[in-house]
Amino acid sequence: MNASGAVAQTAATWRILAWVVPAALLLLVAPLVIDPFQTLTLTYGLIAAIGALGFNLLLGYTGLLSFGHSAFFGGGAYTVAFMVKYLKIASMELFLAGSVLASAIISALFGFVCVRYTRIFFGILTLALSQVLWSLAFKFFWVTGGTDGLRVPTPTLVGMAPTNDKMDFLAHQYYYYVLAVFALCVFLMWVIVHSPFGKALQAIRDNETRAEFIGIRIRRYRLIAFVISGIFTGVAGALWAPLNGLASPDVLVWTFSGEIVFMTVLGGFRTFVGPIVGAIAFTYLKTYAVGFTVYWQLLLGTVLVVLVLALPTGIMGAIERLASKMRKAR
Amino acid sequence: MGVFAIHILNALLYSSVLFLIAGGLSLIYGVMRILNLAHGNLYALGAFVTAWAIGLALGAGVPNFVLFLLLPAGAIAAAVAGAVIERTLLRPFYKRPEEYQLLMTFGLLMILEDLIRLVWGPNPLSATSVYASLGSISIAGDRYPTYNLVIIAVGIVAAVFLWAFIYRTRFGVFLRATSQDKRMASALGVNVNRIYIQAFTLGCFMAGLGGAIVVPSQSAVLGMGVDALVLAFIVVVIGGLGSLEGALAGALIVGVVREAGITLFPEIELAVLYLIAAVVLLVRPAGLFGRAGT
Amino acid sequence: MNLLTTQALTKSFGDNRAVNAVDFVVNQGEVLALIGSNGAGKTSLVNLVSGLLRPDSGQIIFENNDVTRQTSYERIKAGIARSFQIVNLFDHLSCADNVALSIFSREGKTLNLATLASRDHAVWTEAHDVLRRFGLDRAAVMLAGTISHGERKLLDVAVAYALKPKLLFLDEPTSGVSTREKAPIMDIVTSIVRAGGITVVIIEHDMDIVFRYSERIVVMHQGTILADGTPDEIRRNDAVTTTLIGTHPTGEPAFGGAGNA
């Protein structure tokens, strides 16, 4: 790497730090400065961000649009619920381990079937398979609680039992736990997309034929990406269940998969942080929309249509365009 | 024997409505390569408009046969909505990757869902008087609602009419040409934009018609669109996206499996349908009648 | 030494016999031009050898191994690489990334998901070296989709070259490039592959390029090999000149010297 390359690398690192450090500080002090309801919303946002991060490994980096990620999110959530109900477990660490295992299995099975196809057929197949899970959860109500769902009480966090004030516990201890898992997930995903494997995925995204002809076995790599993607989203579901207090079929239905796609596109699926930004933004958007009007679907739907029409690169794409314009103007 | 005949009729009934919805979805995809996720909501729109029109007419004390004339109102409303949507929202996306179209139609789904709620409120609308007015007929010893036969008849007529339309008219030739090779058709002088809007309108008309004829036998409720879409999905996956014969075959298969499932294994009937769809996608991804390599 | 031999290789598309019982031989170390009119079967032959297509019948022997049943992946690992007629690059990745990917793949490193790609200095040094040899070093950080067409054609070859293959197929490496740029591109390409001891087969339509850069020419016509020989032999071959190049009314070949464009 020559001298100018090293300088460019340092400049890029500073630019990243300029974002990351303030964001990290804000996230760290959040529960101390905002009220518990806000903190809970932020927690939901971070959880959604983990899910979207996983989803975007497939969309942004591998070029596969899945309309079935609710299967992994819901799979993670229900794994936790089952562990509570049938195994009488209450440890968050075990919940996470269990959901990693469960989502790995589900995504390996689904992925094996789905990665033979691309584009519309891939999307249709992921949707159909996730609906299989949804219908099972719906119909086998004596196992899954049906539309009522299954209760999920607050778990112990690294051995620390929940305090009597549940809301306070969720808004503080649980928030920091989620934040820690979020930071870990961001770190892991960052390494993965910047690894040789990550480059290979992008090659597959950009030109499948060429990737094959430099010796990359497409299906195998897509499957690995699919499983990693499913695991991240499953972890998100596992973190979500205790916060929500309930695992219900709502997070398995295909329109929930659509929301995952929405939030990723909102933030911008062509960047690393886009899904994070989009997930947090979408969580706030939906929370306030639902609180504001009973016609929140109309609101969100319009946002999506406008987004796709006018701002296809999402929030991060718009910011980057703005930033490069400002750089050019100097 | 009578019970068996009833089951067959129920399956045909379900298949008829499904054929209308899925046929529209498949037609739109076949010609325009657009998978309209909001298609189910046009079915819902048809149901709501027809139920509403009939409700108004009943209130005005109109004679019974006029109510029947009002049935197509929903189909027409859906067609108009389709024309407007195509012109304003879909056209910008033809040159863009299909992922964006999918997202756009998903947004449209959310919008339509709430627009229906906005206009007609959260409560179901029904048109049961039309259903009841035809009474029931005796089928091999059992009573069967006559209106159900109307639904089946509409389904058959629609299938025949569509087949004739697509394979026996000039417009149908243009339609098929455009669906096979849009650029070539355009080079040969076909007005592709006009074909697109016509195909989309026709597809929406079919969905709306499905909703319109089904609403006397079941109310128009919020969420019926989303439910219908997934079923239509299964139909086109099994039958083949873009093929009318496929939509027919798929609708019949789904109708029969569902009827058998409901009778024999009610819990897993839905899961079985999704699994069949997944298996078909595995074994023959183009569907029974679909074209490979779309 | 025969590096590659095909025996009675046949491929049909419906009624069309694209490749008709072709016995094709490539010798180690040579620069061979594969020419013929459109539809002659050249690209189909390359597709069959590289593994993009499966033959209906016949055999493909590479380095004395029968590779007919092998997948394209196995053939790439065995040492067969190719570029494409329509430029096939990773447009959203930089030129350096494009070349580096070949190297990562060659080294079997593409399944590493726990290390940062940027830390593998050996790979990047080699990638920059390859770019420099192809005259693309100034475009190293530019996205492959943003550079000029001539540069893209060079990059396309560079990506295949970086696999360090034994046998390299270049499918129309100068198509779409202005005449002025063709010779420089071919100069770079041939000097690099010669220096690396790579055997190269070039599909070309530009006869100037063909006669100037190849040591041996194989002429295909309607799925079979019409002629096979040195440029001089081919020039004097009447069957070839009639079907491909065209003859003057006087009976003399229309092809004269360079500089016809």
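Just so it is clear, A, B and C label the chains in written order, and each chain counts residues from 1 on its own.
As a working rule, a residue touches a chain if its C-beta (ideal position, glycine included) is under 8 Å from a C-beta of that chain, and two chains touch if they have at least 3 such contacts.
Everything numeric here is computed off the predicted structure, so don't read it as measured data.
Peer 1: Among all the other chains, which ones are in touch with both chain B and chain C?
Peer 2: Chains that touch both chain B and chain C, as defined above, are A.
Peer 1: Return the chain whose centre of C-alpha atoms lies at maximal distance from the corresponding centre of chain C.
Peer 2: B
Peer 1: By CA centroids, point me to the most central chain in this structure.
Peer 2: A
Peer 1: For chain B versus chain C, what separation do you get between their C-alpha means, in angstrom?
Peer 2: So the centroids are 51 Å from each other.
Peer 1: Between chain A and chain B, what distance separates the C-alpha centroids? Give it in angstrom.
Peer 2: 34
Peer 1: Rounded to a whole Å, what is the gap between the Cα centroids of chain A and chain C?
Peer 2: About 43 Å, centre to centre.
Peer 1: Can you check the complex and tell me which residues of chain A touch chain B?
Peer 2: Those in contact with chain B are residues 65, 67, 113, 116-117, 119-121, 123-125, 127-129, 131-132, 135-136, 138-140, 254-255, 258, 261-262, 265, 294-298, 300-305, 307-309, 312.
Peer 1: Which bits of chain C are touching chain A when the two form their complex?
Peer 2: Its residues touching chain A are 50, 52, 72-73, 76-77, 81-82, 84, 88-93, 97, 100-102, 104-106, 109-118, 120-121, 124, 141, 159-160, 163.
Peer 1: Along chain B, where are the residues that touch chain A in the complex?
Peer 2: For chain B paired with chain A, touching residues are 35, 37, 89, 92-93, 96, 98-100, 102-104, 106-115, 117-118, 226, 230, 233-234, 237, 241, 266-271, 274-275, 277-278, 281-282, 285, 294.
Peer 1: Could you please specify the touching residues of chain A with respect to chain C in the complex?
Peer 2: Per the stated touch rule, the residues are 1, 5, 8-9, 191-192, 194-200, 202-203, 205-207, 209-217, 221, 224, 228.
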